[in-house]
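Each of the next two complexes has subunit A plus one other chain: subunit B in the first, subunit C in the second.
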Partner chain A sequence: MPVSRFPFVSRRDFLAGTAAGAAALGVGGSLRPARAAQPLKVGLLLPLSGSLAREGQSCKRGADVTPALMADLGMPVQLMIADTETNLDTARTRAEKLIADGAEVLIGAFESAQTLAVAQVCEQRGVPLVINIAAAPNITEQGFKTVFRNFPTAPRLVTEGLALMKEMFKTSGTTPSKAVFMHNNDTFGTAMAGAVGKLFPTLEMPFPIVETISYDGAARDLAVEVGKAKATGADLLILVAHGEDSIKVIREMVKQRFEPKAVVSPGSPGMYEVQFYKTLGKYADYSLTNLPWINPHTKMSQALLTAFGKAYPDALFEMNVGFTFEAILIAADAARRAGSTNPKALLDVLPTTNIADHVMIGGPIVFDAKGQNTNTRSATIQNFGGRPKVVFPAEAAEARVVFPAPGWQQRG
Partner chain B sequence: MSIDLANQIVTGILTGLVYSLMALGLSVIFGVVRVVNFAHGEMTALAMYAAWALATWLDLDPLLGMPLIALVMFGCGYLLQRGLIDSFIAKPEHMQFILLVSLAIIMVNGSLLAFGPDAHGVQVSYGFDTYEMGPLLVDKVRLLAAAASLAFSLALMVFFRRSKTGKAIRACADNLVGARVIGLDVRRLYAVTFGIGTACVGAAGALLSMLIDVMPPTGPELTLLAFIIVIVGGLGSMTGALLGGVLIGVSEVLAGYFLMPSMKSMFSFAILIVVLVARPQGLLGGRK
Partner chain C sequence: MRRRIALLALLSAFVLAPLAAGPYLLSVLVVVMYMAYLGQAWNIMMGFAGQLSLGHSLYGGLGAYVTAALFVNWGVPAVLGLPAGIAVAVAAGAVVGALGFRFGVKGVYFALLTIAFAEFTRVLFEHIPSLGGTGGLFLPVGSRDGVDLLRLRGHPLMFYYLILAMAVGAFLLCRRLLACRIGYQWLAVREDQEAAQALGINVFRAKLAAVMLSAGLTAAGGVFFAFYYNTLFPTQAFGMGRSIDIILAPIVGGLGTLFGPILGALILTPLGELITWGTEALGFKAAGLKQLCYGLSLLAIVKFLPDGVWPWLRRRIGFDPADDEEEGT
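This part shows the complex of A and B:
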């Protein structure tokens, strides 16, 4: 069953259901508003145009449906949305402007380099930054006191992604003999490559990586990159890409008849996005991605899915939606517990965040001393009929994994 | 040589041939009108958007839409030259530069307003097909696009060598004073030439829409690519543009295959620097 088609849950049900987890929302707090109804001014920084526009728009859709749900919880928020234009300098200046315009907390910024630029602004100005999505580990390694990340770091994504691969091989009874690793050479891709290089030898994987191919995501086409991957004779492609380049890679694989047992991402976007399905059709099926995903079994996620489905009946519910919602939830929860929207008051309570009832798979949202949530968990999703379905872990599975994937010409 | 490498070289040649047609337009315009079209890539991107629009709304294959787009672009180029660029021909080069860069910026932002920031790609029914030619796997889309590009380029060369108008345009390029003395309408011929250059861009844009996705930043990238090709091949030389396109296409493939794919573009610039140092007029450019 697609994750976006859960039984209807009204906002009233959402409020009632979530009230049961009230104690978990905040340290021993209650869900009743602890402060006046003055909305928290949330500055949301996203790449709404430029090469990451698709992902940024996906995050924005998640943000758009959130204020109504927060209001139901007695945690009103007012969104101030700014476009980073997928540009580092623009991200920095827009962060400055949002703070100047009265934003009390910033959320963003989807891409690691831009997020780091925004983090520096927040640190200088004493305004909290809740990161929705950005995986480069150095963001939370610089001693920032204002940065809180509810997204796994690249090493964690890779560790969990590779562990899930082993589980898949075990379940299917098939293990590839060798793999080729292709990655985008942007900040995220490089961080992921670094993590793969460092962690792969330590995880006792049942196959070697015979070649690592770094490519420019903005390249006009990726024919030579795919040709080079094919020439290795690998029967598994590990891919770290973004939306556009994942399409280019698969398109070239079909043309060059490069048919490994599977294409699997250890935690990057791209292969579960609407455009991927629309452009590639049947060739989008069976691709695997290991990444944090929505937990379909919580009241809160059902309410979010329902609200999202109503607002965007044609859009796909993606990880971006869930993490952007959770980032706003974290900020709103801090304001509720602080009883104030003052940035300094928010900074005082954010380190003690403890949200048990949320939407993504994983334990309660808590931050370590570096501002990193260490309770995120990855799942394996596989594409079937133009939709992603959870295949691992077993308790959240919606379908059985298909591995090895059928060849390009064997697909209806 | 391995089959994989041979496949990649064929891909580079085919892609390079399509790039050549785009660069040919730049070369023709500069060779005759002596104006450097800094909006060349942006015009190509507009043609790509036109091909995408025809394919999306009218289900028209870009190969079939190519003549229409080339014709419309010819008209646009003709009018642009007569209405705007002509008055800048006698002015200093920096003013021409500002004019054309302004046009380029308007086109980039106009396309952002009209089509948004997302990438638009044309999906043809044979988009994933390949031909098996012995041990080689040849991408059908690239093969058809390269064949169309080559046919267009050859037709253009025949036009310049055999037709009356083509000969008159060459006369303008070779000896402007002489052309005026014998009564040629230079202003009209310049407009026709600019129109032909933009028609090349229209045709190349239609073909490129099948190979790469278009979004607003695509224009400036293609301008840079066109400049690399014509400088390597020889500014003003038609065969130089063809050679330059193929050379850049193949060199990118070899750099990606033997070195690192991330270094593809860097390798093109390296070739550009070598040519500028060793043979500034380009591989097939004449000394002037």
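This part shows the complex of A and C:
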């Protein structure tokens, strides 16, 4: 069953729950329902085609179900969706076009380079940009006054990804003796490898990385690389992969009977994607990924999951969905508090954003002086029966972590 | 004469465009001029000298990275870093050209060589941490209100007039070159290399000059790109996609013609915007539809106007055939 199905929560529950939660927490009354106001025109920039189309489409699915939920909260929004085509030139012109067409706030753009291009347009035009996903730290180091990011920076992602491993070992009472690190040699994989190499020594991890193996994700099979990893005798595999190559790695591990205590990703996609579950079946289970994820226990997230499940019964709820929803929530909340949809009025109130009841794991959404939300937190998700479940942190957990994972042949 | 008047009218339209164009249209025009400029630079190599380069992003990327790195790490203003960026790109062009031409690598094999250089340079830059590696090199954005031509920081209008000046400059330079000895040599080499050699033309030198000049001009375009967008990623700067972007305008406009790259850019960028507008207006919101329509439009242009739009248009509007000689066609 997809993670998104929470049929017991209605939009009415969602409305009542979030309003009550907001009132109880005293977060400036930002989520109290009120009479419908003029809809906020939200320009959403996503890579709906091109090399990042899969991720962009995933974000869009989150955006598609959001207006109805916002309307229930008395924060009507009108989405104006534009495709950046995973192209810098297009991202910039689309941003200009959205503003010319009346967008009062922009949201996007999933990828750092495109986001910075959009940010410059927003800064020039005095229109707020709420970043749904983009991890390059430099974006919020530019001194922009119009940019607000509700997503962790890349170093923070990796630091938390590694720190969560320590927490898992502590809780389970089992610590691996040594790890082998395998990563795709593409842009993302190499960047992640660089960050792991830099941060790992500073985090006092309870095990060493005995070997780092980079591989070509487009290779027909990864027998040599997996064989090399097995030969290290490591009892933990840290894997940075995408969907297709994560499947190749696991298949080869099964074939070669390489059975470390766990396969864990410090923050890459791949092991929580639909194709991974469909292709590997029981072998997809027990893989672990550390990354920002939805907190399935809040009223708001349950309503979002329900709406998402109804709209997209075959799609898996991903991080992209949650962060895109939250970006729209931040913009709508600003419009509510400002009592206006004017971009300047939004900019006046966005720095004082304080949203306690939201959907992603972490503290209240607040922005520091640079426009960065420092309260985002990563979670550990583990695969069970063809879907990811949160196992850490405890307050968001849906299941207990299984570590060490059962051997390949011991799985039902 | 008629052509000069038409060109002056077009130039005047571009100079005055910001008076009527809003920021959106201005950003589209910047991309048009940028593509026209790069297309003109590539046209020297392929259109005039007949050497197919499918890895031209190499030169733009090198110019961009060198100048941006000097600016980010040592505060060297863009205008002072520009010669260094151009020098590195020209040197790279010389290496590619010398390797190819000395060993008789021709046609598609030479094109493969250019792709190979662009690709391994991309991989190399992905592994240089001081240039951001795969995480990208970010330039400090700074003020966008003023006009600082020395550091290339300022208002989008400044960038528009800068790229317009670059496009006009490249056009005039190419026009001048075609009327010079080297221009005739390029055309001779393009038409029949053996015959050109038999006539006493130093083919190696002529081809190398085309590559180096084209590389230098492309590098300057790369510098513009770096300081306009303020981000550089190896995949984006040296990628195959960028190389294809560079060659589309001259191919569509008319290979080997002076006005072809400009016309091609004037067709392609607005065509993309028009398709987006049209599909949205008709209520079609499927992602990728624009690319599909764009691809079909390109197919139609290539099918029905294989020499490009400008040679066809020139015949239709009855420009003096004598002008053809100036265009190397």
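Just so we're on the same page, the second predicted complex is superposed on the first by the 287 of 412 C-alpha atoms of A that agree within 3 Å, B and C clash if a C-alpha of one lies under 4 Å from a C-alpha of the other, contacts with A are read in each partner's own complex, and residues count from 1 in each chain.
Here is the rule we use: a contact is a pair of C-beta atoms (placed from the backbone, for glycine too) under 8 Å apart; a residue touches a chain by one contact, two chains touch by 3 or more.
What you see is a predicted model; the values in this text were computed from it and never measured.
Chemist: If we overlay the two complexes on their shared chain A, which of subunit B and subunit C does A:Ile99 touch? Say first, second, both or neither.
Modeler: Touch status of A:Ile99: second partner only.
Chemist: Go through the superposed model and pick first if A:Ala223 touches only subunit B, second if only subunit C, both, or neither.
Modeler: In the superposition, A:Ala223 touches subunit B alone.
Chemist: Which of the two partners, first being subunit B and second being subunit C, lies in contact with A:Arg54: first, second, both, or neither?
Modeler: first
Chemist: With both complexes overlaid on chain A, does A:Ala231 touch subunit B (first), subunit C (second), both or neither?
Modeler: In the superposition, A:Ala231 touches subunit B alone.
Chemist: With the two structures laid over each other on chain A, which partner does A:Leu116 touch: subunit B (first), subunit C (second), both, or neither?
Modeler: The answer is second: A:Leu116 touches subunit C but not subunit B.
Chemist: A:Gln124 in the overlay: touching subunit B, subunit C, both, or neither? Say first, second, both or neither.
Modeler: second
Chemist: Using the superposition on chain A described above, determine whether A:Tyr215 touches subunit B (first), subunit C (second), both, or neither.
Modeler: first
Chemist: For A:Gln256, decide between first (touching subunit B), second (touching subunit C), both and neither.
Modeler: First partner only.
Chemist: Across the two complexes, what residues of subunit A are contacted by subunit B and by subunit C?
Modeler: 48-49, 53
Chemist: Under the definition above, what is the set of subunit C residues touching subunit A in their complex?
Modeler: Result: residues 22-24, 26-28, 31, 34, 126-127, 129, 133-136, 138, 140-141, 144, 155-156, 229-231, 233-236, 241, 272-273, 276, 285, 287-288, 290-291 of subunit C touch subunit A.
Chemist: Could you please specify the touching residues of subunit A with respect to subunit B in the complex?
Modeler: That would be residues 48-51, 53-54, 185, 213-216, 218-225, 227-228, 230-231, 244, 251, 254-257, 275, 279, 283, 408 of subunit A.
Chemist: In the complex, go through subunit B and note every residue touching subunit A.
Modeler: Subunit B reaches subunit A through residues 2, 4-5, 7-8, 11-12, 15, 112, 116-119, 121, 123, 127-130, 137, 139, 211-213, 215, 217, 221, 252-253, 256-257, 260-262, 264-265.
Chemist: Considering the complex alone, what residue numbers of subunit A touch subunit C?
Modeler: 48-49, 53, 56-57, 81, 83, 85, 87-90, 92-93, 96-97, 99-100, 112-113, 116-117, 120-121, 123-125, 136, 138-139, 141-144, 154, 187-188, 190-191, 194
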